[in-house]
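Please read through the structure below; I'll follow up with questions.
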Amino acid sequence: MSELDLTPAELEAAGEWDGVGSASSDDTALYLELDGWEGPLDLLLDLARRQKVDLRQISILALVDQYIGYIERAEAMRLELAADYLVMAAWLAYLKSALLLPREEQEDPSAEELALRLQLRLQRLGAMREAAARILARDRLGRDVFLRGAPEGLRVDRKNSWQCDWFALVQAYGQVKARTAPVVHMVRDRMVMTLDSALTRVSAMLGVTLDWIELQEFLPPREGGEWTDPRLRRSALASSFVAALELARLGKAELAQDSTFGPLHIRQLRT
Amino acid sequence: MTEMDDLTRAVEATLFAAEAPMTAEAISAHLGGADVRAALADLAAHYRQRGVALVERGNRWHFQTAPDLAHLLRREREDVRRLSRAATEVLAIVAYHEPVSRAEVEAIRGVQTAKGTLDVLLEAGWVRVAGRRESPGRPTIYATTPEFLAHFGLASRKDLPGIDELRAAGLLDPVEDALEAALAESGEEREAGEIGQSKSPLAEPPLASEEESA
Amino acid sequence: MTEMDDLTRAVEATLFAAEAPMTAEAISAHLGGADVRAALADLAAHYRQRGVALVERGNRWHFQTAPDLAHLLRREREDVRRLSRAATEVLAIVAYHEPVSRAEVEAIRGVQTAKGTLDVLLEAGWVRVAGRRESPGRPTIYATTPEFLAHFGLASRKDLPGIDELRAAGLLDPVEDALEAALAESGEEREAGEIGQSKSPLAEPPLASEEESA
């Protein structure tokens, strides 16, 4: 079949249309059955085709008359009409009256523009409908041309080749051991100064004098190499600081610091 | 018969055995990276007049029976999908206008497209979602697939019947563009402001809803 | 290329599209009763040196990939992959503690072991199932294979470094210890508040599920 200039009848012959709105029937044989059309534009296109002229030369006025006539007949037969069709009918009636008006009385957009727009839409729908028929009429796989019936198939079997070296293996074991070891590690005794002992110590030392004393002075003396553990020193500093705060809160001592990060001084409050 | 070189034989065997069309790249990868273009051209030429043909569809190659033998091979049970008229139209519109949004399809068809209609085409593997359009609402846009080209025997979208004529006639342009062009042509004396601007509610009839499902 | 007669083309296409091997009679019946023997002989000769061959087996004809190209149908591709950290740990535990059950591996690792992790080691051929332990539940126990020793260049499992050696190499140092040592070295002048770095035992749940898959 030639791929160009298919007539509507040939479109039907392409065999894939389920639609009932056959364009090959003549005007009087129009199905009064709206299910055959996919909406008003479809019906309009069908009516336009009946004018048997190029869609670029259809008479919009004639088309409007046909459509409205069709709808009226359907109404006369008391058929349920879908709202879409009635809306289109009303719109076309408006278009018709506008087209018949003298040009200067027309509103914006002009009736000609509306008519042209409708015509352009019909052309586009018509073009796509023909294109669809031509596509369907091509040599289709599984209908006209066939693939190999029993292809062997191509298979790519993936095989993994795993890589790991000696060091990674041994290191992994070391890490497992190390990771599970902390339970033991965490209970290891550490030299700390508890808050209780710091409280006792600071209270006792405050009782000795009424002067300001720098917090550092409260730390246990560096003797016997005990201070070699910096962690004990930090623990003592922290505990003494908290003890000083606690004593201040209890109203037993007052604190003073001259500058940010400067030495912290503490002295006994006279009660 | 002339001697075939090993690569051409390998390409022939690979495509014969393949269960789906293959790109030249895929064939090459399967054969260890050889350049298979010359072999493909040789094979296509060799099979041109045989009962089986080597064809390229959307950059994928496959063997299929020669179209003129269709009458001999047509089976009792056709295994092609029957499409509803709505689905056929939507497919054509997607193919000729791709990438295209659902709203654009509906503007051309004048009816709302039932969800099932596009689903049928997606399921058949002929249409795919091609992302979203960078416009308000970011609508999903659709395009055809290599399977669509293969099924309908199209080497590429350029092969779509009449696409050049349709494009030349402006029938693939939106109505608005065509309207502007037509008005500019005919209405030299019109006021510029009148052209296609400010749509009145009556400018276009509303979309009908699609009764017929795919 | 010589012109083919229509019958030979039809036979070629029929056999190509056939889903199963066909007898000459079946082909003939399909093609309206023509005598296809000459066509079959022609085709068999034509395809003799191509990538595809037309062969007769038990009176039935079919196309198949040329026997010397059969390797193209099933290709093996080897992907070299590094063992994941989790798999490496499991392998090491099996090696040091074999025979060992999965529950024991988990107890030693302190994390649950994904099923796939052991599968990888079994697939690699480094670990084997070594029976079941005669204990409640009769758990499967695992051991290493000779391939494991060969891959890691070990004469026997005794060649694996002992715990003392690991400690000497610093491989047993707990992470926390190393951290504190580093802090003590650099941070003599740090503020007291920073002491809180040492992790509490609660920082890590005893049996976390394995994040890292094989």
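By letter and in written order, the chains are A, B and C; residue numbering begins at 1 in each of them.
We take it that contacts are C-beta pairs under 8 Å (C-beta built on N, C-alpha and C of every residue); 3 or more make two chains touch, one makes a residue touch a chain.
Predicted model, so just to flag it, every value in this text is computed and none were measured.
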Inset, instruction - Farthest from chain C by Cα centre, which chain is it? Let me know. - result: B
Inset, instruction - Pick the chain whose C-alpha centre of mass, unweighted, sits closest to the average of all protein C-alpha coordinates shown. - result: A
Legend entry - Whole-Å gap separating chain A and chain C, where each centre is the average of the chain's CA atoms: 36
Inset, instruction - Please compute the C-alpha centroid of chain B, do the same for chain C, then give the distance between them in whole Å. - result: 40
Legend entry - Intercentroid distance (Cα basis), chain B paired with chain A, Å: 27
Legend entry - Set of chain B residues in contact with two or more other chains: 14, 16-17, 30, 63, 65-66, 73
Inset, instruction - Any chance you could list the residues of chain A touching two or more other chains? - result: 146-148, 152-154, 156
Legend entry - Touching residues on chain B, where the partner in the complex is chain C: 1, 3-4, 8-14, 16-17, 30-31, 45-46, 48-52, 63, 65-66, 69, 72-73
Inset, instruction - Show which residues of chain B lie in contact with chain A when the two form their complex. - result: 14, 16-19, 30, 62-67, 70, 73-74, 78-80, 82-86, 88-89, 91-93, 95-96, 108-111, 150-154, 160-163, 165-166, 169, 171, 175, 178-179, 182-183, 194, 196, 198-200, 202-212
Inset, instruction - In the complex, go through chain A and note every residue touching chain C. - result: 146-150, 152-166, 168-183, 185-186, 230-231, 234-235, 237-238, 241
Legend entry - Partner chain B, residues of chain A touching it in the complex: 3-4, 16-19, 35, 38-42, 82, 84-85, 87-88, 91, 94, 107-110, 113-114, 116-117, 120-121, 123-125, 127-136, 138-148, 151-154, 156
